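One chain, chain A, links the two complexes that follow: it is found with chain B in the first and with chain C in the second.
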Partner chain A sequence: MSAHLGPTPLRVVGQRVPKVDGVDKATGVAQYTVDVRRPRMLYARLLRSPHAHARIRHMDVSRAQALRGVRAILTYRDVPPVVHAGQPQPRAGSLARDQRILEDRVRFVGDGVAAVAADHPDILEEALALIQVDYEVLPAVFDPFEAMQPAAPSLHGTDRNLVIPPFIVRHGDVEQGFAEADYIFEGRYETSRPMPAYMEPDACVCEFDPSGRLTVWISTQAPFMVRGSLSEVLGIPMSKIRVICEHMGGGFGAKQDLYQYPYLCVLLAQRTGRPVKMEYTREETFVAGRSRHPVVIELRQGVTRDGRLTARQARFVANSGAYASHGPGITRVGTNALASLYKCPHVYIEGLCVYTNAPIAGAFRGYGAPQAYFALESQMDEIAAQLGLDPIELRMRNMFQPGDRGPAGTPFREVMLPACLQRGAELIGWAEKRQRPADPGPIKRGVGVACQLHSATSYPAVKEAAGAVVSINEDGTVQLLIGAADLGTGAKTVMAQIAAETLGVGLDAIRVVSGDTDVTPYDIGAYASRTTFIAGGAVQRAAEDAKRQLLDLAAQELHAEPADLHVTDGVVASRSDPGRRIAVKDLVASPGGRSARTIVGRGTFAPRNDYSFAAQFAEVAVDTETGQVEVLQMVAVHDVGRVINPTTAEGQVEGALHQGIGYALMEDLVVDGVSGKALNANFADYKMLTALDMPKIYVELLESVDDLGPFGAKGLAEDGVCPTAAAIANAIYHATGARVRQLPIAPDRLLELIP
Partner chain B sequence: MKRPVTLTINGERQEVAVEPWWTLLDVLREELGLTGAKKGCDRGDCGACTVLLDGKPVTSCMVLAVQADGRQVVTVEGLAAPGHLHPVQRAFVDYGAVQCGFCTPGMIMAAVALLNETPHPTEAEVRAALTGNLCRCTGYAKIVQAVMAAAQHGGAA
Partner chain C sequence: MHRFDYLEPATLSEAVALLAQHGARARVLAGGTDLLTALKEGWERPDWVLSIGRVADLRYIRYDSRDGLRIGALATVREVETSPLVRKHYPVLAEAAGTLASVQIRNLATLAGNVCRASPSGDTLPALLVLDAEARLVGPSGERRVPLARFFVGPGRTVMEPTELLAELVLPPPRPGTGAHYIKHSLRRAMDLAVVGVAALVALDGETCVDARIALGAVAPTPIRALAAEEQLVGRPITPDAAEAAADLAQAAARPITDVRGTAPYRRRMVHVLTRRCILRAAELAQSQGRLP
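Now for the complex of A and B:
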């Protein structure tokens, strides 16, 4: 909105500074949860159900118990029967409590039924094999539409197996809107089950000290949610739980759930009096992790002859799998996304989230929006083709204006989609490539576009806040304490840049401390696209608070007005009389032997949300004889507000494109429709793009400078994956005339549709 | 029954007693405390555990410790003297090739192995050399840039 450049140019914000923890990671020194090792530590693993739906009649652990080296075994009889939520956001509007640590019922292949702790990992497999479980197998259902039928087996006793009551978005009157339409377009879009596939497997180490204090090292995006959930479910006061996660090997949303394993690991540590480590195998991260929700979207839109949308009606049916996890949240976000992106006066969208006996779907980058935009942006392309309009022109005719309400219910402060579309079109050579004559041979090239807009936060479902503390050391260096976790995105670096810029000190003067609930202020967790926006705002405020204290002290020392003082490179000086100056370190701890002053700045930031925008363009080459699609290039133009660090910001989009292209073309955890077993739960059979497969990608960041976030920054992390699949599907249509409405666009599926 | 093996790790000779089924990766991580090499899949698919064995890159989860008996192992911890960075490590940090960092040690070892053999690779050669190393954060864009930059600055140090 309004330009918000400070009086002096920015020194640290906007710079490509290397990551503050880059050297630790590149030298192998950085300690991840899987690297934690404690004296006398035991190792633990879960026994998992081979059945998609069963009741446990009887369990016999005696033979496993007798195995040498086995220290403890837990079954449903040994754990507190507390029903709790997998998505542990304490104030989420859409919480569903449906999980137990263990119970006498399993609902998917991979549901945990027992946990074993032993002296050495070598023993675990044998111990698990010795546990005898007598299952009464129950009928199972894997398709959400079948699960909603009256005769379907019920997973949790809810109406039609719905996780939450239908989520409805309604504006205007769709019947009227369809009556005003010249054409009506209808389509059924079906999305797949990709996995976050973070490189660090889920893991935790739990240890009690003799006074009953619990320390949990865990690979999590949300240390405070872990602490809160363990406290609530296990009845341990928060003051006696310390959750630590200094470095983590990716999460992409999934590592904000609380799975069964941390509870069990705590209970095993309690029972044995020894530290216990639990580390997932790669197969477990697939079958017992969290996938993106497979969604079926039935979408119907009315449009006038000149390309104006008059009505949009849709049903968004998400397959939650065996438990709710983030199903309520993604249903809400996906349904809202379907109602948005382009202006439409009459809208009725119904979001359904359905339990089935499939593996659990949860939070994964984009959180419902990639599914919604695959459908919406595919259909926009269909409309443009039918009306003979350029796809960009159709989008321009239905563009929101500033002040219109966005998907989270708050108004757009500005709408940057036109700028993203225009720049992307230039970069890819849109006008020329759209008119290029069809390639003569079997390999056909085409270009396509898709857009997205996304909220940085999970408002209004969660009213978020972040906290930060800035403490000035005696030598003028700075400890920056943030509650936010760094999944690997570079959050610590960006927070350090914001603090250094605000305080007027060098980046190397800042030490960022994060991921330790005993030390840092509260933060709900690193999810959505929130950390730079919200936690960055808290850091800015904490640094301003500390700076104010410094300037007040300096004003006394220098006999100056605080407003006349500025801090540069660790020195406070007068603007009007530059000779009057004092080093920050001398303000904090004066050379005269006086004891050091306590200068601690505090900041919290609790905005509602802000929207960021993107247009992505794909160029593909399709082999019409084999159905093989090669992405030749991707152009991604993202408006993210002020870029705090171009390197880490580009990295977010580049990584998201990797996941987005995989979503479009290959990634899918295949679940057998009879047994419910995941058929490709490993990196050999679950295909992701390698370095050799990745096409050329061009990322350009537009900097609309908004004044809400820190230095005008908005959200970015999720956005990059939201439009990619539709952009590729639209390019495939342009190349071949084949409209694929189902992900992934595998060669066999495409070949059937090529005219 | 455990048996002793002698490994030369990062230039230091070490005797370790290992079970015959233990992998080189497990011995590095669990017995020797060298946790730079990561266990991402334990079946040779992801490359996070890549180390140099007699100068060649191997996924150390697919090598039994007994097979490494008497051989030279270089891990990410041994690439440069304390307080220094190998040019590939430097480039990974400077070019933003490190995000979560979990694939980084294996990725760096694969890149070092490439540059030792081919000091001035083409981009296609870099990409081919890294196909055995999965990364989920970067889309490989800045990783490839970093390896190319390290090659220009004499990365085969």
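Now for the complex of A and C:
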């Protein structure tokens, strides 16, 4: 068979190319929302409630209004009384309409009660202090179990303070399953409240032009959602709203639903006729941002003597905080995750999402799965220990097969967990380290493992789609327009690689344009683990469309069959007669003097979903006298399908491990159980791992063959954080015999558990 | 942020004169790693900020075997950490300095600032206490020397008058046969405040402990000496049992509080564990020192 008939080897996909916007970022040229400055711009800030639950009896803004430099003040009396979901409807059907722009009621410490715009940011604090609010303090509740009691204060008038009706996953008959079990294991797992702690605080700048067109620069993962929600809530047609987010300093999920501040910033711009900028302080990103949901999981599993799961029953109780945000979605994903990972014939899982007067929990990397897998994988380890089985062997005995249904209801095309487990065990030296005799002295080492599987998209809750447009310039270079945002992950680079590979041009020929709703096609937003998978699929299709047009033109010019032509390095050539060739630029803009041809490729991609898999191994050293845990190394083996860019892909796992170890050991926003105040809303007291705290990490990417996503790519962004905490907890058990069921694994609590 | 005027005297006497004039309405600025946070957060609202950064001859670390070590008010924590003199004669001080914040902060922060800030968790304070350090203060009515054991009066409070400056820290010459060690107990390896800090110094004559100092950080309103624990050690060999007994007494001396960084019972328990470890390590160092020619 001649070489050219086989699959063309990939030239750009799979390469460690540097980020296409790397130079701009490194030189400080890249403009972030916080960098935006407009002529005559005002600065705005919110006054936030000191009470966890209160009704506003009366507000007096006259003294603040009189302060020199104050231009406008908005209270609940000045804003449209629209009830909305913080996202355009219908988006997912899973978001609850429970918020107003401002209201005469506050539901958590930090809830906004007024917004002030002034000439200079320095005046804002003084102005806010001059606003007098007469609060009628209401009883507050912070614990989801207490909130479900009949006597509990009601936040939104729902049954038992539930955000949505209980979400139930059921198959088989758990009673029968438990009857078939030789042993039953039960545990209550409690997770913490970590914050995404992105580098760029939430910010937006809103400006109306004289004809009433609104431009919003905002740090968001979902420019089209911002446009949709502003349009819906404020009654401005979409054609008059332009949302721009070219670069952003992280989001991790939290920057995809809106609460208060962007609506207020628009209204202040409208009221003053001037551009208005609102930028959170770091403290506000803690108190008014979105945390991962604290969840209590009550998990009960039946298992036979030889280690086969017979039944799984669980309750997943998520603390949504004061508003729904993504509570409905994470409850669904977390409950589905709890029902999955290993084969079990009889399953009954109930997911509850409960309002409390705590700060708002929302979307944050993993979206319910880190909590679910912490519980599930901790209990799997416990079962293995009790049955005297190797934890890997127990997992192998309960492994799914291709064709079995995954957590999103679609079947697995492949199950890569065995391969991940096997490779990780080799890398960490599992067999030898599990046999190692206990360390003498107070410092004990141990190794542990945990797995995860995750869906790249939000299917079936959200029927997702992404769009891309490829337009060929007169000189043969390419404009690639994508609706997807780049949170800093390298999405633009990966999109450029996919386009370059598909079109047969060099990477430097591609200019990626993103994050501008006036320019790019629609994309629902950069969330889940979807962008490479879905937006990449749209890019591939758009590039194929453009290429088809090019080949058709070339076929005419070269008197060849389109099927006989290929594009390499910007030149179209015949396979059978390589002498017949024409440069792409000459096809588009003919040297003969006719005007340039318009070649625009369009692509949309709306797949269901695909599953990616991972096994993570932790080695720890525990000081049994102080309860301190040192993670010595992490081995993370992930199956992600085709790796488009190994550097950015590994970066995703490395970053996720940083967050995952932090989740296990220290990251937790502590909310006072009486006042509802966040006690560590700053980087001095909210602890994240520093570079010195990071252990050695080994990331290995397995590339299963799968043709659904672009070049076979699957999702990766969230996966890395899902199993880490359980892997560490299991390693701690191996080291010390202490079974941890609560995050973070604080030294004082661990010390109590060490036998 | 509260408005203030900024003063930049060039000599110590000028600085003292300005402080005498503005007194309680002024704050001294050295490295600024504490003061700037306090200004930005509004915890401190001085009308005058008096920088000593340009005062000549305050940035030094000097040693001689008769008078000991003198550290000028502008010597940074990083300079103390890396000074060959400190590392040779007072290694525990270099060790403690190396646990403070991060290299970037240590490059700005002064040792004197850490002392004047008087935080119960100040990382260099237990080490300075076991080394019998004294503060040389200068004020409008001249100068005085105050042992650090009598310097701290509460969180952020010292015996210094608002019109006084700390000009230098003075450490007596080390006696032969001593070993000392500092343990900082914190969640992270950098950029973290001590949940508990313990410094121990042990002087041996052969096997017998002839002198001991134990100081505890972050378990009382000020860094404290655990005097009963020290006495327990003197006059006998440092065995694990002796260290354990001293640790019991140190634990009894601790009066910690519960806050986001740690609970009181945990802190008390850590005082015990860390004091025991610290004493044994100090004794080990003292022994190896004794073996040196």
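Brief remarks on what is shown
Note that the second predicted complex is superposed on the first by the 745 of 755 C-alpha atoms of A that agree within 3 Å, B and C clash if a C-alpha of one lies under 4 Å from a C-alpha of the other, contacts with A are read in each partner's own complex, and residues count from 1 in each chain.
Keep this in mind: contacts are C-beta pairs under 8 Å (C-beta built on N, C-alpha and C of every residue); 3 or more make two chains touch, one makes a residue touch a chain.
These numbers come from a predicted model, not from an experiment.
Following the overlay on chain A, a side-by-side fit with no clash is recorded for the pair chain B and chain C. In the superposed model, B is the one of chain B and chain C that contacts more residues of chain A. Look at A:632: by the touch rule set out above, it reaches neither chain B nor chain C.
Once chain A of one complex is fitted onto chain A of the other, the partner contacts of A:690 extend to both chain B and chain C. Once chain A of one complex is fitted onto chain A of the other, the partner contacts of A:252 are limited to chain B, with no touch recorded for chain C. Looking at the shared chain after the overlay, A:583 reaches neither chain B nor chain C. By the touch criterion stated above, A:670 is placed in contact with chain C alone, chain B being left untouched. By the touch criterion defined above, A:32 reaches chain B but does not reach chain C.
Between the C-alpha centres of chain B and chain C, as viewed from that of chain A after superposition on chain A, lies an angle of 40 degrees, to the nearest 10. In the superposed pair of complexes, A:238 makes contact with neither chain B nor chain C. Of the two partner chains placed by superposition, only chain C is touched by A:747; chain B is not.
Once chain A of one complex is fitted onto chain A of the other, the partner contacts of A:22 are limited to chain B, with no touch recorded for chain C. Think of it this way: put the two complexes on top of each other by chain A, and the tightest Cα contact between chain B and chain C is 5 Å.
On chain A, the surface touched by chain B in one complex and the surface touched by chain C in the other have residues 122, 684, 690-692 in common. On the chain C side of its complex with chain A, the touching residues are 1, 102, 185, 187-193, 260-263, 265-266, 269-270, 273-274. Across the complex, chain A meets chain C through its residues 122, 625-628, 665-666, 670, 679-680, 684-685, 687, 689-693, 747-748, 751.
On the side of chain B, the complex with chain A involves touching residues 19, 21, 29-30, 33-43, 45-46, 48, 75-77, 79-80, 85, 89, 92-96, 98-105, 108, 126-128, 130-144.
Interface of chain A with chain B (complex): residues 16, 18-19, 21-32, 34-35, 37, 122, 196-201, 247-250, 252, 281-282, 487-490, 647-648, 650-651, 654-659, 682-684, 688, 690-692, 694, 697.
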